[in-house]
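Below you will find the structure I want to go over with you.
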Amino acid sequence: MSHNTFGHLFRVTTFGESHGVAIGCVVDGCPPRLSLTAADIQRDLDKRRPGQSKFVTQRREPDTVRILSGTMPDASGKEVTTGTPIALLIENVDARSKDYEEIAATYRPGHADYTYDVKYGIRDARGSGRASARETASRVAAGAVARKVVPNLLVRGALVQIGDIAIDRKRWDWDEVGRNPFFCPDAETAKKWEDYLDGIRKKGSSVGAVVEIVAENVPAGLGAPVYGKLDADIAGAMMSINAVKGVEIGAGFEAARLSGEENADEMRMGKDKRPVFLSNKAGGILGGISTGAPVVARFAVKPTSSILNPRKTVDRYGNDTEVSTKGRHDPCVGIRAVPVGEAMLACVIADHYLRQRGQVGDAVTWPFPPSNQ
Amino acid sequence: MSHNTFGHLFRVTTFGESHGVAIGCVVDGCPPRLSLTAADIQRDLDKRRPGQSKFVTQRREPDTVRILSGTMPDASGKEVTTGTPIALLIENVDARSKDYEEIAATYRPGHADYTYDVKYGIRDARGSGRASARETASRVAAGAVARKVVPNLLVRGALVQIGDIAIDRKRWDWDEVGRNPFFCPDAETAKKWEDYLDGIRKKGSSVGAVVEIVAENVPAGLGAPVYGKLDADIAGAMMSINAVKGVEIGAGFEAARLSGEENADEMRMGKDKRPVFLSNKAGGILGGISTGAPVVARFAVKPTSSILNPRKTVDRYGNDTEVSTKGRHDPCVGIRAVPVGEAMLACVIADHYLRQRGQVGDAVTWPFPPSNQ
Amino acid sequence: MSHNTFGHLFRVTTFGESHGVAIGCVVDGCPPRLSLTAADIQRDLDKRRPGQSKFVTQRREPDTVRILSGTMPDASGKEVTTGTPIALLIENVDARSKDYEEIAATYRPGHADYTYDVKYGIRDARGSGRASARETASRVAAGAVARKVVPNLLVRGALVQIGDIAIDRKRWDWDEVGRNPFFCPDAETAKKWEDYLDGIRKKGSSVGAVVEIVAENVPAGLGAPVYGKLDADIAGAMMSINAVKGVEIGAGFEAARLSGEENADEMRMGKDKRPVFLSNKAGGILGGISTGAPVVARFAVKPTSSILNPRKTVDRYGNDTEVSTKGRHDPCVGIRAVPVGEAMLACVIADHYLRQRGQVGDAVTWPFPPSNQ
Amino acid sequence: MSHNTFGHLFRVTTFGESHGVAIGCVVDGCPPRLSLTAADIQRDLDKRRPGQSKFVTQRREPDTVRILSGTMPDASGKEVTTGTPIALLIENVDARSKDYEEIAATYRPGHADYTYDVKYGIRDARGSGRASARETASRVAAGAVARKVVPNLLVRGALVQIGDIAIDRKRWDWDEVGRNPFFCPDAETAKKWEDYLDGIRKKGSSVGAVVEIVAENVPAGLGAPVYGKLDADIAGAMMSINAVKGVEIGAGFEAARLSGEENADEMRMGKDKRPVFLSNKAGGILGGISTGAPVVARFAVKPTSSILNPRKTVDRYGNDTEVSTKGRHDPCVGIRAVPVGEAMLACVIADHYLRQRGQVGDAVTWPFPPSNQ
């Protein structure tokens, strides 16, 4: 991870500001001959698109993606990747910069306004510029490519908590996720959130949330022993999403409360000669390397700091003042973080899949014959 | 982060297995002319050293570090860095490999045994090889160098929870941290942990913990806008420590429960013409960039999986079996993770300090005069 | 250098195929508050643009660049960089794909046709796809940004040899470079080349060339001791340009013939308390680190392999066949490599300038006072 | 390439100064289960070892290598790699630092003395410290590991020119290389060099040389399209060797003189259904990607600047002075560069072999069936 690039073999570089000409990304290192069309990417982008319910920002962006390079029709006419960089472009359409004029010189508490200014000595205040959640559309686009890299990879996410209200995990239903405006896997909780968030929205306030992402069909053996651990890269990837303040794998912080007996997932041989884990406290990762069980990551999203209530702050000339935000915003920015988290997990897994194939080549034959080592 | 290397300008590469000849690291990119002696590094290593109380592994390693390169006496005779790679070597002394013979072919649940085997087709079972917490001595050594890079940087850590028993933050006393065998900042809680952990140790069990690391005097402006965010790199660094399952910055997962009003830290001009944050929910980082407030990171350490009670597992030939661990281990591996977390935070901050100096050069003059931009 | 990204702190990622929608690049890590407009970039692009004389390809591309992100007006209304990624886009206009249909399945000797196919199992045959010299427009655009990074940096290039005809260095005149269609610094040689190359063009043949790039005002101290040497990065950068087969620094291959006495540049103190080198066999670099003298790099460009004369080859199905190339091409592709070489040298120097500032900070005070070390 | 690390998947980090405690390297990313013993590495080191003839430095270093990590016995007792970092250590034995005392404050022309000082503000003058050719022992050690990575890879080098005297290529005999003290493939030229170099040695002077490295059995398809080209990485690798001033691939600078017809290697189908190139002007690389023909790289080594004759220079306090070098040195440092060049080429090819396997996986089926694409 360096500047605006992410990944080692499957590498994503994003660019663009909220109210600039366009945003986009370059996906480099993608394997050749994978089926890929703009529609594949659009499908994921549409899940993240603003303006789809009253619980997200009302900015109207079609988020139409164009593939500028890196694909062509194969012999059968199917669009496939060529192995060269895939450039993806999304034009900005509905940018109302005047909303931001009055806060251009005033730092909104909880925002990146002050830190960008003190770092660079200049900042694009229009829609928070590069610090806007709009940048995450580029990540979602890249993630759609990443999903193609690992055979049968299934990466799905859900919102599991808004404010104090968490879902009931016994009612988890993946099909429900697409039926409500919250990506909530529990229909009853979704209903509660509707009223709860409506109240927050009307007050001009905001609230935090917790997102859970699950990746299935992740081959065992992905990761690297020390710094390039699979979970280390997942943690970095999730924390790099706007407004994220915490990341967990498997049992996460709950693991601090457990005994060694409770925490260690016991193993038994399964039907297909692969070990089965009798629980998944590890979240699919041991020693930084995937176990073959589902990879489970969770992250906390803080409430957006764009709120109507005036707050104490300073301006860029060093004066005490107050500020409130009048632009269009998400009362719970965690909602739209679900497809972003999916994309980031897909990118990390794709990268490690290629890295493992690079270092070790064909999969190790396991179980080993009794004569082996 | 790639394989066994960490950092972009301040780069650390570690090597070595638990029961091999030696462990160590190469620190590359360190600025020249910083005072550095083996004693500076030894001081930090001694805090992590095993065998210092009955609550940590009884392995007796002196962990004596040698500087192989990268320093020399300056004109005044003081040992300083030269800007070239600093190689640090720690020999392994007390390696009892026979402890591990019987588990060489059997996977301990919760350990990296299976994942290393399925990844590489071979693994060093002696003391868990590369997956051993012994590797973290190299990190602590590198961290001692990192602390020299940023002027006045103060990085301190403490254990804030063992199992269900958390400290009382009102009693936080940094001086207390050095007085008990737990790095606990709260004397009363330290006493409770003593009995609690003794019980766990005698049962041959283990328990998890939460560690908190605080960095003071971190200049505002460190970080990068999207993937190379300061918090993203901290999250990756902490999650790369053995047994860590969750990472938080500032309010962390608690932020999910807060309203925008509660979460956003208000600002006022301070006496030295720098803004003062009236709270620090952000943990010193906004938009991936340091605010100048203390950087606060917390991580959850799972209970070590080396326990006496037999557990269901499989062996490397695909047979169901049971295993218990008889080697020397930590009942709460989180204790010795405190100096490791300090080292990793110091390394991340040192790296970003150099990166910021590279991209932006001399600090931006702030507050800006009214004519500016 | 990795895939399609180049540089460590000043990082350039390019994308795009010759006959695709567009080509372009993302420049990441650029310092903020540098003056930058599309016109600055266009000026350099216009030097490389095809169709400007009969000695280069007749493809008519306006090569109009758009800045998609990373700049904004400052307080005075001047467009400046913001420190965030600068995305540059150049649309392809005059792509005649039908020219290439017949060679889609036949490998042109000396071209990347076979190697792309055997690597990826698919290739974009239209205009050589990603392997086209068209990609170098993105490099020139990035180089225009790089030139802004180092104060007073002056990077200029010239063609010093076509086929067997080399310039007379005694007649070197930088002003002449802009007056002939060859970037030739010697008016007399330029005249000879005109006839010589016209003959080659009419035969449907091609010829190689040698390009020399000189960077002035490069601060002493840029580089890194072992692998990240300034000359190592220059060599990689130059060799990464299409059709380049050799790179030299300073005396280059001639150094093999010299004695130690002849080769080592003697030093004397200059008027400004900086050492003066009495010669520049080193080409401005010693031990991988810049000396402060002009950095001089030279590279050999092979003749383009797109020629009218039929040549023996094979097709992608393993049949022996013959091929000749009918598309529009450069009889001497080395000509347009001059601005590309300038751009690459500017990028390498900009990157090392930021790296040096990162690691060492403010320049070392030299000469040292007698008390020092 | 960054600082002291080289490679992307197969990564080498070196450390150590000429007269420090030890030198060495960490090889990270090596595939597991490759046979590797210290003897394998020692064999290559012994070729580079000083003191073996009167034509190289008389320093007596046994250059005994120890493997500190990353290998273990497999089931059959054979030492193999484990996939974790391989740390290699070579202690310095015969370091006569007093030889260097008088030049500690005086810059030797043609040496890195001034540039290190002006970069870092401090330098290890003993034996040139990090800038010493002694560092190349670490590269040779790493190269011995790299040779194991690519099946059947054969990397051999030879000295093809000393001063003005080049070999006669018609007499090239690989077996001759091991029979003379110059790695010369032409017995007659070796005899001429003996007298010639003896004269230079007795005068206390030095002379340059050209080295050629050839890699056979390099699979077609290694490389990356733009910046990560195989030849770009080779150029950077070779230029990163001490004293190298020029690098060529295949026809190299001679390509500038050729016509398109002469330069493009024609193709015919060979017996094993692979294309055969009827010549190898390309040096085994087209478009940055290997063709399957031998990879041929050549580099020019300047004369060492450590000569007895006094030369004009300045000291670190800004005074004009003179200097001559009395330490032990190589009259032709190019001789011992042969095994170093071999090692660097092996490392680059190993890295790209893993990168290709990562991105593309199993080799593409070629020739393609007629229905394909």
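First chain written, first letter: the chains are A, B, C and D, and each begins at residue 1.
We adopt the following convention: a residue touches a chain if its C-beta (ideal position, glycine included) is under 8 Å from a C-beta of that chain, and two chains touch if they have at least 3 such contacts.
Values in this document were obtained by computation on a predicted structure and should not be read as measured data.
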item	value
Common touching chains of chain B and chain A	C, D
Which of A-C and B-C has more C-beta contact pairs	A-C
Chain located farthest away, centre of chain B as origin (C-alpha)	C
Centre-of-Cα separation between chain C and chain A, whole angstrom	38
Distance between chain centroids, defined by C-alpha means - chain C, chain D (Å)	25
Averaged-CA centre spacing for the pair chain C and chain B, given as whole angstrom	44
Touching two or more other chains - residues of chain C	2-5, 8, 14, 29, 32, 74, 83-84, 119-122, 130, 225, 360, 372-373
Residues of chain A that touch chain B when the two form their complex	1-6, 8, 12, 14, 107-112, 114-122, 130-131, 135, 161-164, 200, 205-210, 220-229, 231-240, 242, 244-269, 273, 275, 278, 281-283, 285-292, 300-307, 309, 311-314, 316-320, 334, 356, 360, 364-370, 372-373
Chain D-facing residues of chain A, complex	8-9, 29-32, 74-75, 83-84, 225, 354-355, 357-362, 371-373
Residues of chain B defined as touching chain D within the complex	2-5, 11, 13-17, 20-24, 26, 28-29, 32-33, 66-70, 72, 74, 80, 82-87, 89, 119-124, 129-130
